[in-house]
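Input: a single structure, listed below in structure tokens.
Chains here go by letter, A, B, C, D, E and F, matching the order in which they are written, and residues are numbered from 1 within each.
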Amino acid sequence: MSESSDRVKTGIKGLDELIEGGLPRGYGFLLLGGPGTGKTTFGVQYLYKGITDHAENGMYVTFDEPPYSIIANSERYGWNVGDAEKQGKLAFVDVSPIKREAKPSTFVPPSLGQSFLGAEKFKISDVMAAIREVKNKVNAKRCVIDSISALTLQYKDDFEIRQQTLRMIKDLTEMDLTTIMLAENPEDRQDMTRFGPESFLAQGVIVLHMYRVEESNVKALEVRKMRGAKHTDRLCPYRITAEGIEVYPEETVFRSV
Amino acid sequence: MSESSDRVKTGIKGLDELIEGGLPRGYGFLLLGGPGTGKTTFGVQYLYKGITDHAENGMYVTFDEPPYSIIANSERYGWNVGDAEKQGKLAFVDVSPIKREAKPSTFVPPSLGQSFLGAEKFKISDVMAAIREVKNKVNAKRCVIDSISALTLQYKDDFEIRQQTLRMIKDLTEMDLTTIMLAENPEDRQDMTRFGPESFLAQGVIVLHMYRVEESNVKALEVRKMRGAKHTDRLCPYRITAEGIEVYPEETVFRSV
Amino acid sequence: MSESSDRVKTGIKGLDELIEGGLPRGYGFLLLGGPGTGKTTFGVQYLYKGITDHAENGMYVTFDEPPYSIIANSERYGWNVGDAEKQGKLAFVDVSPIKREAKPSTFVPPSLGQSFLGAEKFKISDVMAAIREVKNKVNAKRCVIDSISALTLQYKDDFEIRQQTLRMIKDLTEMDLTTIMLAENPEDRQDMTRFGPESFLAQGVIVLHMYRVEESNVKALEVRKMRGAKHTDRLCPYRITAEGIEVYPEETVFRSV
Amino acid sequence: MSESSDRVKTGIKGLDELIEGGLPRGYGFLLLGGPGTGKTTFGVQYLYKGITDHAENGMYVTFDEPPYSIIANSERYGWNVGDAEKQGKLAFVDVSPIKREAKPSTFVPPSLGQSFLGAEKFKISDVMAAIREVKNKVNAKRCVIDSISALTLQYKDDFEIRQQTLRMIKDLTEMDLTTIMLAENPEDRQDMTRFGPESFLAQGVIVLHMYRVEESNVKALEVRKMRGAKHTDRLCPYRITAEGIEVYPEETVFRSV
Amino acid sequence: MSESSDRVKTGIKGLDELIEGGLPRGYGFLLLGGPGTGKTTFGVQYLYKGITDHAENGMYVTFDEPPYSIIANSERYGWNVGDAEKQGKLAFVDVSPIKREAKPSTFVPPSLGQSFLGAEKFKISDVMAAIREVKNKVNAKRCVIDSISALTLQYKDDFEIRQQTLRMIKDLTEMDLTTIMLAENPEDRQDMTRFGPESFLAQGVIVLHMYRVEESNVKALEVRKMRGAKHTDRLCPYRITAEGIEVYPEETVFRSV
Amino acid sequence: MSESSDRVKTGIKGLDELIEGGLPRGYGFLLLGGPGTGKTTFGVQYLYKGITDHAENGMYVTFDEPPYSIIANSERYGWNVGDAEKQGKLAFVDVSPIKREAKPSTFVPPSLGQSFLGAEKFKISDVMAAIREVKNKVNAKRCVIDSISALTLQYKDDFEIRQQTLRMIKDLTEMDLTTIMLAENPEDRQDMTRFGPESFLAQGVIVLHMYRVEESNVKALEVRKMRGAKHTDRLCPYRITAEGIEVYPEETVFRSV
């Protein structure tokens, strides 16, 4: 097995070189960031570039934004996610709270039943069954969970949340998917990040920071943890450009440009 | 469909240019701010300018201030909200705790029944039914919820609050309304904003900051998140003028004027 | 109706000019401050000046300090509150925990029954009935609640406290009283104020700050929110003088005098 | 009634001049401070000087340190508390958890029964009965409660603690005692004091601060609130000398000596 | 009774002169510090020097580290604790969770039964009985409790913890032991110490601080409270040397050496 | 018994000289650090170097990352953990939530039964039985628990967590293993470390710090506590190199290199 086949290229310009060529294949990774840091864009870019540049199909599990909206928003980056979906290279598992009949959603696995966020009949086991079904259907190698934080809305106590998160990570790893799990960082403070249990269950943790410096917001990506990859210690500036997210490993965050 | 019809003009001077021409049509947006930052003014301006400048009718759902008071307060900005209401272009859904008979309130949908904030018979499903009814009556395209924070007074535990918020956002999105949800920011500290679950369920988050700088309060608007719109990173100063809220994208917050 | 009749003069020297001439008539306002900031003095001054300068009678609802003590303490400012009471221009609703027989208290409405703070038979509905009765008796236009924070001592959980506060504000507004509700600010920190639900249910919020600067305490008044009034953004110094509270809109807080 | 008879001289050198000649007679006052700030010394000095300099007898209610220990510790200031007790001018109500038989305690009112801190049969009503009994026995005008914080050890939830504190303050005020209630300030931080409900139920609040400045601890007294007395705003340095606590109104805290 | 017999020499070089010659005899004192500050060393030194220098026997009650380990670790300071134990001058009450049969523990009082930390049959009354028994056996004048914090592991709620602590302090004081109770300081921050209820139940509080200054940790001892002893206000540097803990009253903490 | 046999060499270059030659034999030590600080690498290096350089076998108990992943990740440091396992010198106890059949895991003790993290039949007593069994099988002298924090996911309340941690530390110490327990440090703040109960139950505490300095992350090791070893007070820089973790006792953290 070649070196490259052990690595999953992220499709995020400038990121792979920070982590020895890509994400270690077959594991779950956490992408942590506050509102507006570009987590969903990161997730779609990861899947779309996987299809177009690396011939690896993907699946997007959404507990929040409905698929039609994700597809529409992706167009601004020139990503034809809808086509990829029609070609069977990308699939959505739609667990979003928006009623499915209301707007054209692309695919709801029958196994999902009445499980969608906010429903009383929501069952994480239904979601996992749907993920398995969809994975096989499109032969997905990559997966995005958007988001672990939204999932917690469905549960009453911390213990149940931790247990469900644990089981989901467990199941995803066993399916040999290379998964990026999005998570909210609720505190908007420069000097602190809180890491929940998902951060030590994940094989890697990437943090998207957004600092207010005078009246600007400065964005910086930090590879906080990456098991099995020698990774940089540095905070790297990133921007959300017309081509998606770009990381600038050569620039500095606080005195750049 | 033209570019402009995908966008809902906010009616807030200086804001649309920050978000590629307006709010993405058909979604829910969060407006977060502390007391005195002008959230209600923002909401009324959004609806009133929608009617006068963009021929889009609107509805105002209030869990807090009664309609007659909102109407009276709007006069100082030269907005004849009462007339707009009489012309069937704007409607209120009055879920405020103030007894409805006490002062002339303009419209209470029959479906609302005994549901008003503070009542024991309060049911969010009644509120949603009233919203549907009123929406159809005035053919509303725009909606303001004032406020999500007041709504939480009615519930005992966090789980129930999260579930109700989730369902309300879900229902509003399915009605094809472009909704601005007001929310309190309980912390009055310069270096921190807390984002609750509503912030990641919303399509966009706009924060109204109020900083104390020596003995003055400085106001600044931040577009924290806006799915489907390339938006600015900068904090922009805003003021509450005799014509309503105005944002100054060209000025700086901390060393301006 | 003239402009002035829409406004209730506060009787606090220097304050009315900050809020377009006075408090908007018929609403509830929150006065937030820590121990020693002069909240009770503010409340008494508002009622007493209402009687002497604006011919508006008032009522003082106390959950804390007994009436005889409030009357005695007011003498230092030259306010003959006892006389005003005897003339039927000012009335107390005594819900204080101090036993009523112990010292001459001026008036306890029969409807109050066994409701006083700390009693097992305390009922907020009794208090509201007493307020209605006293309002009619003295034809009160102004009301002071001292304090919302003391009221919370009587309840076990946050939900009940929020509901009771909500109902009290609701009832007071429906009685057409212009009410100032005193509330404790438990944190004595320069950079933070916490605003509870009463702050967004109130029509306006005035904060009395007390900052420690070296070994002095500096006092400053902030009109944080005032619906229906264009109000200043600035922190204004105030002092507790021999004539009561005086606000100095022309002075600066941090480099003044 | 003369001016002086309305005031209770504190016996703390330098303090009375900060509060218009003494504590307003007949009320309860809170003395708030962290460990080592001299709260017990303050309390004993208040009672002892009352006896020796102002011919007013006193009573010390202790929930913490046993009387024999308080008596022994007072000797270092030259206060013969034991003699004052024998002469019937000062009495202890011993509710301390230390077993009463173990060492010579001076007086346990029969009404106290099995009520002492830590006992299962502890009843605050027994304590109040004992206070009444002892008050009458020595004709006490002054009272010290040491401490409200220790009392809270006996209760399970915040509500019960608040209710018991409320009732105790209520009862003490009705007995016409001028009472100083000691309370712990659990946070040892320069920029913050938390004020519990007892602070707004009390007629006055005096805070004993202890700041660490480099390797020294600087002590400063603040009269935070004093109903019915024009009091200083300034932080005043104090020291615990061989004659007890002395406040220095003319000195500055941070650049003094 | 001579002055010196009222004082218990601590055996900590440099400490007694800070507290008028030693700890007031017969009371309980709190020693508060974070991990690595030397609390156990302080406790052993107090007992061992009591035996060798002041002919006072002692007892060490351990809820954490087993006796054999404490004995072994003491050897590095040249203290032959094992010999002292064999000579009946020092005794351990072993309530540590480590199984007693596993390694040679020196003495387990029969009265202790199945009471050891972590056991379901743990009873604090058994521990107190064992302490009484051992005290009489070796005629102990000094006692160390290591630690109050470990004891809290055994209880479910804060109320129970406070009650048990209260009873233990009560019982120890009645046995005429001069006791040092070790307690963890969970926060490692320069600007804050939290004091629990044990701090105001104790006759004195000594805090061991550990500050990070650049890459070094600076240690400083503070006598925060000492009833019945005139004590210094200053923070004094201390070190853990080959002869045990030494305090340097003449040196300064932040600019010394 | 020679000096060296009392000490267990850590295998971490530069660390042993900070703690008098190694870890005191037979105790439990806590290794505390946030995500990405290299805790797992530290644990594997401790066991692997024990085998190759000191002829001491070891066991790795994992509640998180499955053994095959730990083995694969170790290869980057040139450590052939898989060979060591085949030679019976190192063994894994696999309590990770990943399904054991999914990928070749090396050894699951039969006594473990259905106990693995996330399973409903999880029993800590099964885990301890498996540890005993594996210890005897490979004659382990060293043990790593990865991690105490993951273990807490399985329990509902803090009391249960504390009790289970207490029992595990107790059992491990009685097996004469020299154990390093990994634990998450959830706060990523420069000025604070929180120490849980495990920190005072452990014989030593080593903290791996990760500070953000401008856009770099600086790593520093602190020996916070080490019973029975004179250890340094200084923060020492460390790096994760191609040969594993290296500590640099001679360098400074903040102005080095």
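Criterion: a contact is a pair of C-beta atoms (placed from the backbone, for glycine too) under 8 Å apart; a residue touches a chain by one contact, two chains touch by 3 or more.
All values reported here derive from a predicted model rather than from experimental measurement.
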**Request:** Mind listing the chains that sit against chain A and also against chain E?
**Result:** F
**Prompt:** For chain C and chain F, what is the smallest step count along a path of chains that touch one another?
**Reply:** 3
**Request:** Same or different, please, for the chain C to chain D contact, judged on whether over half of the interface numbers appear on both copies.
**Result:** different
**Request:** Starting from the Cα centroid of chain F, hunt down the chain whose centroid lies farthest away.
**Result:** C
**Asked** Can you tell me the C-alpha superposition angle of chain B onto chain C, nearest 5°?
**Response** 60
**Asked** For chain D and chain F, what's the span in angstrom between their mean Cα positions?
**Response** 52
**Request:** Provide the C-alpha centroid distance between chain D and chain E, rounded to the nearest whole angstrom.
**Result:** 30
**Chain centre separation (chain B, chain E; CA means) in Å** = 60
**Fill in**
Where chain E touches two or more other chains at once, the residues are none
**Request:** Between the chains shown, work out who touches whom and classify the graph as line, ring, star, complete or other.
**Result:** ring
**Complete:** Circling from chain A by way of chain B, one passes the chains A, B, C, D, E, F
**Request:** Sort out for me which residues of chain B touch chain C in the complex.
**Result:** 34-36, 40, 64-65, 69, 72-73, 76, 97-99, 102, 117-118, 147, 149-150, 153, 155-156, 184, 186-190, 212, 214-217, 219, 240, 242
**Request:** Using the touch rule from the top, collect the residues of chain F that touch chain E in their complex.
**Result:** 27, 159, 162-163, 166-167, 169-170, 173-174, 191-197, 199-201, 203, 205, 220, 222-228, 230, 233-236, 252-254
